[in-house]
Amino acid sequence: MTAELFSQYLFAGITYGIIYAIVAIGFNIIYNTTGIINFAQGEFVMLGGMIAISLNTIIPLVPAIALAVVITMIIGALIEIIFIRWLDNPSVLRMIIITIGLSILIREVALHIWGEGVRSLPYFNGNEISSIKILEAQISPQVLWVIGICGIMVTLLSIFFRFTSLGLDMRACSANRLAATLCGINARNMVTFSFMLSAGIGALAGCVMSPITYTQYDCGTGLAIKGFTVAVLGGLGNSMAAVAAGLLLGIIEAFSIGVVPLAFQDAISISILLIILFVRPNGLFGCNETANLKEF
Amino acid sequence: MTRRNYIPIMLFITAVIGIQLITKFTGTNYYLTQLTMTAYYSLVIIGLCLVMGYAGQISLGHAGFFAIGGYTSAALTTCNLTSLFKNGNSLVKFLSSQGMLIKSQDLYGDPVLYVNPWLAAILAIMLTVAIAFLIGIPVLKLKGHYLAMATLGFGIIIFRIVLATEIFGEADGISEVPGFTLIPGVSVNGNFDNRIINYYIACGIVVIGIILLLNLINSRVGRALRAIHGAEDAANAMGINTSRYKLYTFVISAVFAAVAGIFLTHYNGGIGPSEAGIMKSIRYVAIVAIGGMANMWGALTMGVILNFMSLRGMFGSYDDAVFGAILIIIMLFAPEGLLRLAIWQKFFKKNDSAQ
Amino acid sequence: MALLEINNLNRSFGGLKAVNNVSFSVQPDTIKAVIGPNGAGKTTLFNLISGNLPADNGNILFNSTSITDLKPYQIAGLGISRTFQNIKLFPGMTALENVMIGRHVKSKAGFWAGMLNLPASRREEKSITENSLELLELLEIAPFAHIDVSNLAFGQQRAVEFARALASEPKLLLLDEPAAGLNIYETAEIARLITKIQKKGITILLVEHDMSLVMDISDEIVVLCFGEKIADDLPAEIQQNPEVIQIYLGDDNA
């Protein structure tokens, strides 16, 4: 493999990997506050992209994206308020089925609004043929946008959870919901907020990736599976590990293109998911002892 | 069969015959085609009901098993072995001498030699059992979200494989699958003049299937399954090999799905990748949930109604959306299933006390 | 020849040694009690014997065969049955069905027999039912046979759990705090039941807080403290043992 091809694959891997990481973090945020895996997580990404594309026909790119993120956050909050908030201690099976149902509904609504066609936002800089040369590889400037914006998101999130009082409140809820409630934290609002937050970061990722990967009404499912793979790979609930795991999966996928036919790409990452679930269900960085005590 | 199961089965058989007679007298014979297909889908659903309702394990990949059955059978029976036979391939010669191959002619009068559907079906079921064991052993160790995702992942892998493999016809699927001659003169195929007999074959298989499952539920094994569902560690401490019971249940329900796939493929004369899709798997889960998880008859009833409506195109382009909406509504308001809603309960209680 | 032999058994959780080098044996046809203050490792010990937890090292012999690495269902199959501290019945099933589950290891109809409803399995079902009803009779809860166990009173649930454990015709019965949550009359009742069971030739190992119960019915007592065995003797001797009195009976809260 030439150095040029190598870095080409590497950048492709990082680009996809960081998007998977964002989806995985979306899973983790909701999982941490509620213990639910939101199977509709991928749909937030799709919605963000689609709404921004539609808005961009009437307003400029940046406000379109900002508005799309806000709208998706509102949708996320509404979903939590309408479908989740009032359920009293629902079983895991019930929550799985409800969020799967939601993902189908969102997808079908998107199908009826935007049709089956493939859409995309314009490139933030230049167009599809403009490129920058880094480490021998020809990289689209959009790749840098994706890596940059997702990188900033991850950094801001980690600062948010570590240093802001709202972030600490959310972590308190995840550690012990009852105790957090007793300390005066409104756990219910935290859950709503976690849905908004994960919808928001998903939507933003959906916008920045749209020019490269395109947006289609059913692109959420694949992303959700990859995102979940990454979340499990890093250890469910551990967002920083998810970034490492996301990059790992993205790079593995990118380099496997030369070896495995494109049609089996998904099968690769799902096989990784299955193997991880069977062999190290607590993630690459997780501790088996503590994970045995967790309820999945 | 215990007496408790006897009455609903008789009712079901009566309904099957009744519906056929109605279609005969109203001249709506064409409904039988969708009803036959519905019956085969119901087979998947009652099998899944065993896994979800009684063993308490979710499977989001059952369309995968349906596809394994259907595709294996379709691939074997559409593969023309004539040239291999002429070249003196010893396996083909042997199979032919054992009467396991069938000779016929295609549209242009050229000779066609294919695997006897009986042999194909048996091989398909054996393959399903093998895959169900292989995937079941690790997957059933998982719980909750992990189990859901792992089975979903399995379903997607099967979907991707049929979509990307040449012998499975890629996006077009496999067509021109020959009929499945059960006994001379009785064949599972889509010919219009065979409509009524095929309707009865399908319903007969469902009746046999549900009798087997109801027997199982009411047996020592069924009791053990309910115990596992209720308190797994206590069941284990009572000497129940919980992982083996879950695994066998999973395999049985996979075989049910595969059998449905085999028969429906011969009936339709083909199979396409959408049969292996995630939406199909989710649809099966939805129907079991609406029927009320641990309620075989509920699942069967809902399976018949919803699949029939869907196959008749009553939901139009909102087909998937309808199932998504049903899933949410049922899980929000009636997690025990539609038939266990408080209103019905009252109704049934009154009946009980009257007896 | 001891029925159950525990040799140098260890189990720790992180840094905590819940069971630390414990050895003792249980003679056939006796009642042996394990006592100790809260957190002494009694329940952990039980979970190690019944296979619910793997041991770090050491071994457990039952009838001279090692059961150390067996799964709970295998151990149950060999003839060790147990009850749980916080009663674990199968919800949604009747008292009778719960007891019938206990009969699992003594019956064998499998998936094929079940699906085909073979005559042999029907006969087996019948004998399981009869046998279970007898046990409900023995434990004086026959009237509740067809009631969902979730609707039974606490004492009745405990009796159902007893019946379920007995249904497997165990050689050794492990009782985890059989008197927990019962008043003194119910406790006396349980004591009577336990001796009744022992008279049927079943060896009993129990963990208990209630000293009066233990002193009344046990043939031998093991005392655990912070995971270590500090005494293993007759009840009368245990009552005299200064160390036991200090850590257990001498405690102000006892």
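By written order: A, B and C. Residues from 1 in each chain.
Methods note: a contact is a pair of C-beta atoms (placed from the backbone, for glycine too) under 8 Å apart; a residue touches a chain by one contact, two chains touch by 3 or more.
The structure presented is a predicted model; accordingly, all values stated were derived computationally and were not measured.
With centres taken as mean CA coordinates, the chain nearest to the overall protein centre is B. Chain centres were defined as the mean of their Cα atoms; on that basis the chain farthest from chain C turns out to be A. Note on chain placement: the centre of chain A and the centre of chain B lie 34 Å apart, centres being C-alpha means. Once the centre of each chain is set as its mean CA position, chain A and chain C turn out to be 49 Å apart.
Note: centroid distance chain B to chain C, computed from Cα atoms, is 44 Å. Within the complex formed with chain B, the chain A residues making contact are 37, 39, 83, 87, 90-94, 96-98, 100-105, 107-109, 112, 221, 225, 228, 232, 236, 261, 263-264, 266-267, 270-271, 273-274, 277-278, 281, 295-296. Within the complex formed with chain B, the residues of chain C that make contact are 50, 52, 71-73, 76-77, 81-82, 84, 88-93, 97, 100-102, 104-105, 107, 109-111, 113-117, 121, 124-125, 128, 164, 168. Chain B meets chain C in the complex at residues 1, 212-213, 215-216, 219-224, 226-227, 230-231, 233-242, 248, 252. By the touch criterion stated above, chain B contacts chain A in their complex at residues 58, 60, 138-139, 141-146, 148-150, 152-154, 156-157, 160-161, 163-164, 278-279, 282, 285-286, 289, 317-318, 320-321, 323-328, 331-332, 335.
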